[in-house]
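Have a look at this one.
A, B, C and D label the chains in the order they appear, each numbered from 1.
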Amino acid sequence: MANSKYEYVKGFEQNDTLLPQTWIVIRVDGRAFTRFSQVHGFEKPNDMQALLLMNECAKAVLEDISDVVFCYGVSDEYSFVLRRTCTLYQRRASKLISLVVSLFSASYAMKWTQFFPETELQYAATFDGRAVCYPSESILRDYLSWRQVDCHINNQYNTCFWKLVGSGMSTAEAQNTLKGTTADVKNNLLFEKFNINYNNIPPIFRKGSIVYRKQMDEVVKVEKGEVIKRLRAHIVVEHEDIIHDGFWTAHSYILAVGSKNKQQQALPRPAKPQLPSSLP
Amino acid sequence: MANSKYEYVKGFEQNDTLLPQTWIVIRVDGRAFTRFSQVHGFEKPNDMQALLLMNECAKAVLEDISDVVFCYGVSDEYSFVLRRTCTLYQRRASKLISLVVSLFSASYAMKWTQFFPETELQYAATFDGRAVCYPSESILRDYLSWRQVDCHINNQYNTCFWKLVGSGMSTAEAQNTLKGTTADVKNNLLFEKFNINYNNIPPIFRKGSIVYRKQMDEVVKVEKGEVIKRLRAHIVVEHEDIIHDGFWTAHSYILAVGSKNKQQQALPRPAKPQLPSSLP
Amino acid sequence: MANSKYEYVKGFEQNDTLLPQTWIVIRVDGRAFTRFSQVHGFEKPNDMQALLLMNECAKAVLEDISDVVFCYGVSDEYSFVLRRTCTLYQRRASKLISLVVSLFSASYAMKWTQFFPETELQYAATFDGRAVCYPSESILRDYLSWRQVDCHINNQYNTCFWKLVGSGMSTAEAQNTLKGTTADVKNNLLFEKFNINYNNIPPIFRKGSIVYRKQMDEVVKVEKGEVIKRLRAHIVVEHEDIIHDGFWTAHSYILAVGSKNKQQQALPRPAKPQLPSSLP
Amino acid sequence: MANSKYEYVKGFEQNDTLLPQTWIVIRVDGRAFTRFSQVHGFEKPNDMQALLLMNECAKAVLEDISDVVFCYGVSDEYSFVLRRTCTLYQRRASKLISLVVSLFSASYAMKWTQFFPETELQYAATFDGRAVCYPSESILRDYLSWRQVDCHINNQYNTCFWKLVGSGMSTAEAQNTLKGTTADVKNNLLFEKFNINYNNIPPIFRKGSIVYRKQMDEVVKVEKGEVIKRLRAHIVVEHEDIIHDGFWTAHSYILAVGSKNKQQQALPRPAKPQLPSSLP
């Protein structure tokens, strides 16, 4: 409605549209979470309640934005995969990032009491966000593998570290003990010194969390002894390996996109088909 | 710590650094606030409690980010001015936008009960954000004027509109009555039909809200009859005209930046001075 | 070598890196070529010599930049396809665009006399350039099809238009005659009125020009009656249909890229492989 | 005219508009000029003819683009300053860069024979380009100072280096002799060993070249003994100090821009003035 001689300042806004037809990953990262987790007494190296709260926030994002098809979370970070054909906000990076960050941050504050009924939230947990485009499904999967390998390496190290510290070492001594050790050495240390089989540690710690709309057969009714089923999608939180092909083969619908025709329609400036009839 | 063959995916992240030495404005806008305000029973055309909550969130942002020097809010939007020399997050747009949006959104959820003790928050209020650079103080001031003129025009229209609707008109009739009318006609309508002097409407509705660190003389002590004062900054919320020069002249420290030397130091890649001695 | 207190100004340069692993198309377009072609007496609607000069400039670009794998030219424009794995100039848009434009523009001036020995070059022909990323081979092919359809539609129209004008019509009359006509109507008009079979028009006019490194069997020697051949690449200029699959199936090596491993190596920040051994 | 189902590919083109109201500097740099200068027998450390050719190309750019207000050249590079209010090509970086590079490169090829009548151009000299925005006149001047200090430091070093090599040193010995020496030491070396007063070296080598439209009083006519003059602009090439204020004070019109009103009109989306009459 408003219109004034000052309106020219709108011309300074710059375009930040993300390349069409690429997978968009928006990752949120906790800001200064080392301090936040100390202030709120999070357990080391993993606080189950804090992770469950993160997962709940991710669900809120998935529920709200239909273009989000997959989420992966570890520690104080969460990655959201937006489908390749997404045209929400004309794919403007600032809009997409701020929407995800806003939903995630507000949910964290709102759901805090559910997960920490005895601990008062001292101040707002905040998250920064970024958006990255991946041109193919194969590179997108490498991105997700990167985060899960990261989860594994960090968790293995942190598990050893806090066990050593718990056993009386100083943090400097624990660091020195682990410096340069391979994964096998760390596993042996856990097993021999602390009687811990690393593979028995809860999967949520070892593999992080995935959130997606899982297609499941649902019994609709039983008619004349015949079971009538229907495919239905439910939002689930799981802790699966997403590096190898198994998960993706079993759930190929997650990254599937429609026909090529659909791709074109999904573009900001849709084509007005009019192929010349006499093309050789 | 982690390092894997998948790490190459980091190379897809694109740089979104904002031009150095320009004023950065980050504006957050309520997402689908028409619905949000209906669900939560906000008063029309202005809900005082909702505006006070917005101001409180803006204060949280100003308190947290020292580079924010001025905030202007109207309705469900808030603009944050970051000083020209800001190098926070290397001026990366996505980081700056997400930080402000995260702080604002989380604060809104956390402080809700303070302002709406009787109304349960049904779902998270979310905000999108954008960052715009302005190369000079003069253009930055035009930006702020643009928002305040917008506030004025919208508020005048909405005040008339809801008075007409309150007096029994349908929304369509009210729209028709106001279509194309000048500011004077609207003011007359308010005065003659509803006995309202527009200028007596609370300034927070007519002018929006500004938040900044106000420098004030503070009495430190009285010694031998002499009053010892000190200049101190306090965060204040006011409803002043920011279009004309008056406010800015009285508070010239708000947009002041240090010497040129300081500007250079504030840059991402600081200069290593070594001017050739024999330059003519 | 130089280093001064002024060097901080380098920090204002902004990053314009193109998304990795996408096809880059750089298109150059003649600037004000309507005037340029009039001043230099180009034939209407197509000047064979001018097109051959354009092709020669495209060859110069292909010869110089090994990442250019395919070129398509029509009228005063030329598109250059850079392979998906290209990391030349770290994929900085400004560098890539300026390199192609510089090579093309300088070649045009240098080779002018070869193609127009009797016409003096009155002033420099100039070209603007742009870079666009396409995330998949399929969309890249749609880009090339778009340009070739454009060539066809424009050429058919222009052929009719200039025949009508040549037969005595004013340009306005010719425009009116052609307004809204289908391709069939235009073909009939050419055939019935001017005895021209559109399909007999030289392919360079109807289909534009492609330039690429063609792999050809070459006889190396004949030994004991046996012909020894070797595959060799030669730069060729052709006028083929590039919309249908035929051409691309026959020359699949043009857009082929190496193994996935190679893709990763081609990235700005190459991965340092170190997959954790105990990953489940 | 053309329009097809492939046209959707236009949607992949990304916006690269430069921030309004900032000074734009486009710098072109010779590509692989070490080799180019060897192939064409340029004199070391400075080839006068090559520099004059560069200046002539810069003049061609200044003549063609009215928004270019100042050019500074040294060695194989040239910087072009576009006025702050420039809206050519809607300030799209790729268009502006390619236009300057195209003009410069084509001119270099066309004008070669004028400056090297006896040397055949072996292959096209090519230039890459970049665009950088500077938000204030003061920072723009620092940019130009940076380039001129660079010219000075490089020229002083190169003059010493080639004199030493000319006197029989190997290039490695010359490098070692100069390593870490201050400007004074270099000047002394030139004076004592080679009897060269550095300040007597031609200014074009020491200070580079500037090209601009110089406002000069011109005698229009002499009437009844009175001389009638008029201010006229002529393109000139000079070799002045542009670091200190002197030059800029004497030619303040070069960087001057019109009134504020003009700034607004120069913006991509001009304002439609309609200030509310009753603003308090």
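FYI, contacts are C-beta pairs under 8 Å (C-beta built on N, C-alpha and C of every residue); 3 or more make two chains touch, one makes a residue touch a chain.
Bear in mind that the values here come from a model prediction, so they are computed numbers and not experimental data.
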item: Most distant chain from chain D, judged by the mean position of its C-alpha atoms; value: A
item: Between B-D and C-D, the pair with more C-beta contacts; value: C-D
item: Gap in Å, rounded to a whole number, between the CA centres of chain D and chain C; value: 31
item: Separation of chain B from chain D, taking each centre as the mean of its C-alpha atoms, in whole Å; value: 41
item: Touching two or more other chains - residue numbers and ranges from chain A; value: 3-4, 6-8, 10, 12, 14, 19-21, 133, 139, 149, 153, 275-276
item: Chain B partner contacts - residues on chain A that touch it in the complex; value: 1-4, 6-10, 12-14, 16, 28, 31, 60, 89, 93-95, 97-99, 101-110, 121, 124-134, 139, 142-143, 145-146, 149-150, 153-154, 157
item: Chain C partner contacts - residues on chain B that touch it in the complex; value: 3-8, 10-12, 14-15, 17, 19-21, 264, 267-276
item: Footprint of chain C on chain A - complex, ascending; value: 19-22, 133, 135-136, 138-139, 149, 152-153, 156, 182-184, 187, 198-199, 206-207, 241, 243, 260, 275-280
